[in-house]
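Let me begin by handing over the structure; questions about it come next.
For reference, chains read A, B and C in written order, and residue numbers begin at 1 within each chain.
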Amino acid sequence: MFTNIRWTLPAVCFVWQTAMIILFGVFVRYNGESDAHWAEFKMARNITSDIDNDFYFRYPSFQDVHVMIFVGFGFLMTFLKRYSFGGVGFNFLVAAFGLQWALLMQGWFHSLDYTDGMIKIGIENLINADFCVAGCLIAYGAVLGKVSPVQLMVMTLFGITLFAVEEYIISDLLHARDAGGSMVIHIFGGYYGLAISWVLYRPNLKESSQLQGSVYHSDVFAMIGTLFLWMFWPSFNSATCDHGDGQHRAAINTYLSLAATVLTTFAISSLSQKHGKLDMVHIQNSTLAGGVAVGTAAEFMLMPYGSLIVGFCCGLLSTLGYLYITPFMEKKLKIQDTCGIHNLHAMPGVIGGIVGAITAAAATESVYGKEGLVNTFDFTNEFKNRTPAVQGGYQAAAMCVAVCFGIGGGTLVGLILRMPIWGDVTDDNCFNDEFYWEVRFAQKTPSFSLSLSLSLSLSFFLCKNVQNRFRNDPLRLWF
Amino acid sequence: MFTNIRWTLPAVCFVWQTAMIILFGVFVRYNGESDAHWAEFKMARNITSDIDNDFYFRYPSFQDVHVMIFVGFGFLMTFLKRYSFGGVGFNFLVAAFGLQWALLMQGWFHSLDYTDGMIKIGIENLINADFCVAGCLIAYGAVLGKVSPVQLMVMTLFGITLFAVEEYIISDLLHARDAGGSMVIHIFGGYYGLAISWVLYRPNLKESSQLQGSVYHSDVFAMIGTLFLWMFWPSFNSATCDHGDGQHRAAINTYLSLAATVLTTFAISSLSQKHGKLDMVHIQNSTLAGGVAVGTAAEFMLMPYGSLIVGFCCGLLSTLGYLYITPFMEKKLKIQDTCGIHNLHAMPGVIGGIVGAITAAAATESVYGKEGLVNTFDFTNEFKNRTPAVQGGYQAAAMCVAVCFGIGGGTLVGLILRMPIWGDVTDDNCFNDEFYWEVRFAQKTPSFSLSLSLSLSLSFFLCKNVQNRFRNDPLRLWF
Amino acid sequence: MFTNIRWTLPAVCFVWQTAMIILFGVFVRYNGESDAHWAEFKMARNITSDIDNDFYFRYPSFQDVHVMIFVGFGFLMTFLKRYSFGGVGFNFLVAAFGLQWALLMQGWFHSLDYTDGMIKIGIENLINADFCVAGCLIAYGAVLGKVSPVQLMVMTLFGITLFAVEEYIISDLLHARDAGGSMVIHIFGGYYGLAISWVLYRPNLKESSQLQGSVYHSDVFAMIGTLFLWMFWPSFNSATCDHGDGQHRAAINTYLSLAATVLTTFAISSLSQKHGKLDMVHIQNSTLAGGVAVGTAAEFMLMPYGSLIVGFCCGLLSTLGYLYITPFMEKKLKIQDTCGIHNLHAMPGVIGGIVGAITAAAATESVYGKEGLVNTFDFTNEFKNRTPAVQGGYQAAAMCVAVCFGIGGGTLVGLILRMPIWGDVTDDNCFNDEFYWEVRFAQKTPSFSLSLSLSLSLSFFLCKNVQNRFRNDPLRLWF
């Protein structure tokens, strides 16, 4: 296949960036808290101190979310031995494009100022744009190493669009609450990616199997991604919550859920191997499932022990997913899921949706307080007569919407991506940076590859058990 | 020895996590600032804006501390060439368990609501739990590569328990101030780890010596840990200080002390080597000593130059410690200290305790202001008649308590860990990830190890000085 | 040449650190918001809540800036295959020294309390010190791998001094606005470094050319630096802006500009290579140019589309700079620029200065609001009659001042650094950690280098095309 992206990638980048500039010029302005008219805005609303600007409530969380998107997702995808550039690099490209388009799409739905037809943006829009991008990056995890950057750009354009519509239906029409996006982000992103991967099924992928794994170093790089995601997940789930107790409670719930997940992940990982050895794939991924699953209910009165229970179950299920579901999906369902996003996002997202629906339905005024109940579920205006039980039903409905958008949208976009114009590699060349990146081999020292070649040639004449002598060679790991 | 942890590790994880869930269910609830009743809480206390929720005072610092615990400590311990998985991975496991147990233990001592017998948690509890975990991770540094994950879990369970008691005695009974935990965290954690390492002395550890070192890459990974610890230490020392000037001053003092430490560390490191070459071990560790030593006095009016002096001395002493004390301890005292925690935590902690005692005793109303003195040392209620001089005495007493708890507790726990049931490795198999992790060798390409084997076999017939030809081979470093 | 720094480096460190302690003792104290007299300060100014302490407005941004200085710049410079220790290590040393000297120099110009002749420091001083250090680290990028640590210390001492004077002229005398330091930091730092590199021209540098490049891993390490710089740049540009809308708007503008830069960088990078392959050098560096270029105007009403346009142009120009200007400068102008700081800092800085001048000149009361215009440009006191048009002129003048200080100062300092007393390496030993660091080779396994030696010897007798057989060897990349 034709992997030359010299014209398509620049063309897509230039056209889309130019479109963004024009659309931003026509539609996007600062909102009341970021505009130079802030002094007047403040006076009109009787705000006494600059510290009440939404910026100070949300900026620290925003930066944490930003780190999760670029370093978290980026480095989590460096685990492949020969696709680290593509993992962190294309993640960067896709996220930078996606957030611009997300600002527009989400802006039209949520931040349109009807007096002048302009989208008014502030810090909360930036966070939501990052959230929106997260959905697409999750999907990238399923097809990592198997698609071209141009395909990724197309996938992101449609992904963001679908996301914004789905989010509008869930949060505005159904009025479902989803602070950390278990449904909106993780279910949608997960199934969107899996559906695309299903349509783009590569029957001969095993020919690339020698590259579909990690080496010692690349696993350590991936831990950077894992840890930044894990540490900042409380910020992710609390970033757009209500000021005050909402953000506070969401952070606590997420912190606890994630801690419990780590223990069950280690337990199952050890239990599943003959000698009890731990598997880095589980530690890198399943430890994060608790953050996903507590997303919807993060702002609710889930109670500390409730968070622990959610985390406990998720670590368990997610690790079992890596052990049994991923191989099953690949073999029987023809879904090739490079990073195992089904176990890390889709399935925990569903758990999160269910937990959210149950917790919402079970909410009582005695637990939340009269005002607390109204604030937490935003039972105001046209929703002021909704009861917790009804809210639970709408939460469940929202979950179905997310699943449908994911699978439906993914299938459709997958079909578009099957067109033979996007410059993707053949089945035996997947997971290989060489096709899209100038990779610096150690060419300055031809000695090395030659030595390898030579040695190999000679090796065939030597009996294999010589190898055993070097079992404890401390360097072996580093290759 | 029997390193199979297939049953013990999962058992410990499941039992302890289940216990946590039950105990959290019985004991832990949200506090006034994270509960949905916040609206009523606010009204009752005449709080006008949500921004006065403690969350906004402490959350950014909390996240920085969180990064220090998981990425800072975790990556600092990746420096061993073949124990990077264990360094960052077990750090993750231990911290995730420890913080749950710490929330309970510290909660019983400090956040118990006597009206309903519940522990009420908020953001400050999360920070304190992270602090508590830090003590155990420091101890891990002394035994890195020499214990099994099950031993680590046991060590953490007891470590957190001892920590909470020690902290209660120091901060509540003695009413000593220790913002950054020089005594509570670093002295305790340091001596706890050293005592354990002393009891678990491995006479034949030198047989693992080929693995007890770094390679080029692993040193760069460790610098990630060093830098995040260094950068966020001002947050560590200021995280639980008084609102306003307390947090502000603690951050400034720590920032300055750490800067000075870097210069003396580089100086001594260069001075100690024949050709003035710098040693990464010193740069990775001793540059942090200034943060430890300024911990107790961080909130006091130490003055900017005072912080610089503390940092200056600590960089000097800590680096000399690596050069002379660590080898001495290993040889004469039979204490094997993998990461050199004596130089990075224990000794600077003692300096910090002394600095704190002196600065407290020297505090005057003219420097602090009448109200400032009361606020800084919390001379209220039953302590309202305490004078700075007396406070200095109690600070010194607190230091002794920390040392005793560390050494006493460590010895005891060490004895428990000597039981032959924990699955630890033999002396000649230390510092090796292979026993607890599925390590992906480059087995897909047998050519390589074969080539190595072959080449080695032939090499014996060649004269050694051929090697010199390749002194400038740019690749040599990367192996 | 004599690379032994055993006496010079420690001497410089000790003398300068001692000088810092003395000067801090004589000159530096806490300011009203970090002093224990805060309670009285608060009362005198009618501040009702501790949250109005400047600490809470700026501390999160400060920590982000701190990360940029130490991890961002530090890891960006680890890209060389054999100079990663020097990149991240000397960056650490230089920054830690520089920030102390910067606190003094900037303090004398901006924070001197004339009532007692003391510099009063708070959180904003720490941010400014980090900014000042950034200028010197930019300059380090031009000479990376070619100077000794002692030369770097000298370069920093003079650099900080020049910076403080330049900043005083620009911000106080000319009253030019430069929130993110496009002019003050990036133009100055860029030309300062280029001028030094020009004076220190190394005619035979190509003899080190085998080390002047990256390998697979070192490029991944460098991406850590890139991403932390990219993500936290909004904090950099907003850290010292006006409370409220100023910080809010600056963050939004920078976020958008950087996103646009990524797309054009990828586009040009792909377009420039025969098969459309991307070059990591561009991705690591040019993606950041948008943050530099939006610096001066970050706080202005640049409008979201304006930020995108700036980012668009900068990604384009910066990548073209790497392709055409850097080789031209090296060949024709005899300026060797290791990291390409001309493309990442100097040129985008000039663009930023121009954008700032134009935007300032075009400011109107209708866009900013009456009060907003005064606040944004600080048209108060002796500047209360200045008009936007005049302000534009002063902005342009400021840019010239920055260029002159950079080139003039750099040339001068370069001449000082040419003295043969600083222990720098010869032209054929550049980019090599071995001269200043104890580098741990894998000496424990002599087999390896021997095997290399042997293999190489034999390889000469083998025909070269054996090599082709291993084109798909998955390990080749990791060497």
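Keep in mind that, in the parts below, a contact is a pair of C-beta atoms (placed from the backbone, for glycine too) under 8 Å apart; a residue touches a chain by one contact, two chains touch by 3 or more.
Not measured: the values here are computed from a predicted model.
> Same or different, please, for the subunit A to subunit C contact, judged on whether over half of the interface numbers appear on both copies.
Shared-number fraction below one half, so different.
> As a multiple of 5 degrees, what angle does the CA superposition of subunit B onto its copy subunit C give?
The C-alpha superposition of subunit B onto subunit C needs 120 degrees.
> If you average the CA atoms of subunit A and of subunit C, how far apart do the two points sit, in angstrom?
Those two chain centres are 31 Å apart.
> Which subunit A residues touch at least two other chains?
49, 51, 56, 60, 210, 215, 217, 224, 442, 444-445, 447-448, 451-452, 454-456, 470, 473-475, 479
> What part of subunit B is in contact with subunit A in the complex they form?
3-10, 13-14, 16-18, 20-22, 24-25, 28-30, 33-40, 42, 49-51, 53-56, 59-60, 63, 66-67, 70-71, 74-75, 78, 81-82, 84-85, 88-89, 92-93, 96-97, 99-100, 121-123, 126, 149, 210-211, 215, 217, 221, 224, 433, 435-442, 444-457, 473-475, 479
> Quick one: which bits of subunit C touch subunit A in the complex? Just the residue numbers, please.
Listed in rising order, the residues are 49, 51-52, 56-57, 60-61, 64, 210, 213-217, 219-220, 223-224, 227-228, 230-232, 234-235, 243-245, 247-249, 251-252, 255-256, 258-260, 262-264, 266-268, 270-271, 273-280, 283, 287, 301, 303-305, 308-309, 312, 367-369, 371-373, 375-376, 442, 444-445, 447-448, 451-452, 454-456, 458-459, 462, 464, 466-467, 469-470, 472-479.
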